[in-house]
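Chain IDs A, B, C, D, E and F follow the sequence of writing; residue 1 opens each chain.
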């Protein structure tokens, strides 16, 4: 009885894509408008997927209220209405691309789930651009 | 030429989460508002995924009209506008969590598909809570 | 500078459509599956529209956080995860059609908004059926 | 034959809500997380509504390609991937609330449409918060 | 107790935009890719809005099942999986723009609704282009 | 650091399902309304998934702008506002079912991606019918 459950949450943040080891011209060529020195922002939609066995006593894999609260503590409270580059330790030295944000969210969530549960993160930067980790 | 086809259908139902082997207090603590003795309800969105080889004569994996009719017969007619706890045999002794509903839908559909086809069920209880079986 | 602001919230509830002054046969003929004696349910999506002048000090018509909290107090806490027919005073003698639910929500919200603000309620019973009050 | 046509576009931007005539404490109390000194951001979804008579030669009210290009020139090129507070003249002295952004977009578009056409702007700041101007 | 109810339906059709009184060059310049001689197509999403008074016996404005059946008879059966230019009398001499299709749908529906009910039609040609009649 | 990135694009096209080796009656029985000799059409929503390792210099798997441009060149410019049966070489001898269109899009995209990247295509023919290749 192996199932996956998914919980969707969202947060709004500012960010700027930039590699400090490159020249301004190189950053502009690679990241284009996303390199804007004054930042831009997104409504990030986050889907957390947890896979495991159904508990026969509850009929639950995990209690969605508990999973939702965990996402709020580990992700939403940390990133919502923040400037990812300036207001977070996670992205002070890491480029806040959708790919990297998904990896960081996975790393923040993983220690708080039982070992026998699998975890996957999908992050929508816009309705048309999204990423999944691990693939 | 292995492809998957997906068909989306929906049904509306009432349910209550409850474990009859537990005290009322325990049920309340575990299931919270979902334990409401008078039931609550959802618009369930169902996605049925079938995987196999394309038939070169039709260009189809399966005829989506036939798949849609099968879902209607096996799932929608059984659960739509029903109280899952009171009006169905499937959940008379099984807690109608999203996880268990997805498993039951898979079991209802499986015998009606050719053996060489794979079947997966995704069930949205709300836009923000959904499950997949098998994972 | 007359603008409208909209806030979307949701709740899940069970209900049954029934006119106690009619025979069972008449109820069945008029309300069909929605007359199921054991109830069925929906994910209701609610959009509250408030119209008025922008406050030049804030750039707000109303603070969306305050509007959201008001909807939660007046509507969500009252109806979410409830059986509208059995668990609420509003529908103990009123048929809980989408039309009537929208009118009741308007009546619950109206006293809590300033007189110079206009109020309109849109209620989605399903993605394909929705109502607006006042029209 | 009076019809309305709607065109949907989007842009991503950073912003901060702030009234420079207030103390920091007052700004924090009124605008909360939206007052974050380092900005946050959104995916803004914009719907432009134009109302008028169908041209019997084309069957069009306006050519949607021309309307889309006009929105891109007047709105998207100006605000997309920008910090509204720092990178735009429109919000250098105006608080970039959804209400004010909708009014500004209307003012930017209005001169470029024929006088006999009506214009309305709907702006989604998030899926759950949106505004309309004029109301 | 004046309310509006909305019912959403959809149909898929091919069409070509063309004015037979114009040269090919003029048609190409005005209608661009939509003038393709071999047709292209859309998933049309249709929202029918009916406004009037709630019937106190039912709590309904109109029975949504009856409204849905009426849309199917008057609109879906006529246009679904059709070539609007070649397979319908309505567009044999009328350019099937979204504006004109909305007007035609209104004209097809209007005679079948009670005089005291108001009717409005919204038609999505794509997620980003839609029209409303009457405005 | 294996991730997947997804890019969503869309195109509108006409098509007809037909097997030239069958009688008209057989085609009508198998393909029903989709066999209409004058074609019908769809808004196709396309999701292209690319899987591989994050480039530590950019934080990207692939630049979404480059991926979007590639989809436009290889898929959108070829199929948008076209009659798939008449205007394309790909479907001159291949039935344009959603399954076959997904396979063709994969074949068109594959040569333009680095060998170490995996490619998957999801194609929505309608909101309720979609396919994935490879499965």
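Note that contacts are C-beta pairs under 8 Å (C-beta built on N, C-alpha and C of every residue); 3 or more make two chains touch, one makes a residue touch a chain.
Just so it is clear, the model here is predicted, and its values are computed rather than measured.
Colleague: Going only through chains that touch each other, what is the minimum step count from subunit C to subunit F?
Modeller: 2
Colleague: List the interface residue numbers of subunit B and of subunit F, divide the shared ones by all numbers used, and answer same when the ratio is over half, different when under half.
Modeller: Different: fewer than half of the residue numbers at the subunit B-subunit F interface appear in both copies.
Colleague: More C-beta pairs touching across which pair, A-F or A-D?
Modeller: Of A-F and A-D, more C-beta pairs in contact link A-D.
Colleague: Equivalent interface to E-F, which of A-D, C-E or B-F, with over half of contact pairs matching by residue number?
Modeller: Matching more than half of the contact pairs of E-F: A-D.
Colleague: Measuring from the mean C-alpha position of subunit B to the mean C-alpha position of subunit D, what distance in angstrom results?
Modeller: 41
Colleague: Please report how many Å separate the Cα centroid of subunit B from that of subunit C, as a whole number.
Modeller: About 28 Å, centre to centre.
Colleague: At least two partner chains per residue is the criterion; list those residues in subunit E.
Modeller: 127
Colleague: Could you list each pair of chains that touch, in label order?
Modeller: A-B, A-D, A-F, B-C, B-F, C-D, C-E, D-E, E-F
Colleague: Mind listing the subunit A positions that touch subunit B in their complex?
Modeller: Interface residues on the subunit A side: 1-9, 51-52, 54, 57-61, 63-65, 118.
Colleague: Which residues of subunit E touch subunit D in the complex?
Modeller: Residue list for subunit E touching subunit D: 17, 19, 21, 30-32, 94-100, 102-103, 127-135.
Colleague: Could you pull out which subunit C residues touch subunit B in their complex?
Modeller: 10, 12-15, 33-34, 36, 38-43, 80-83, 86-87, 126-127
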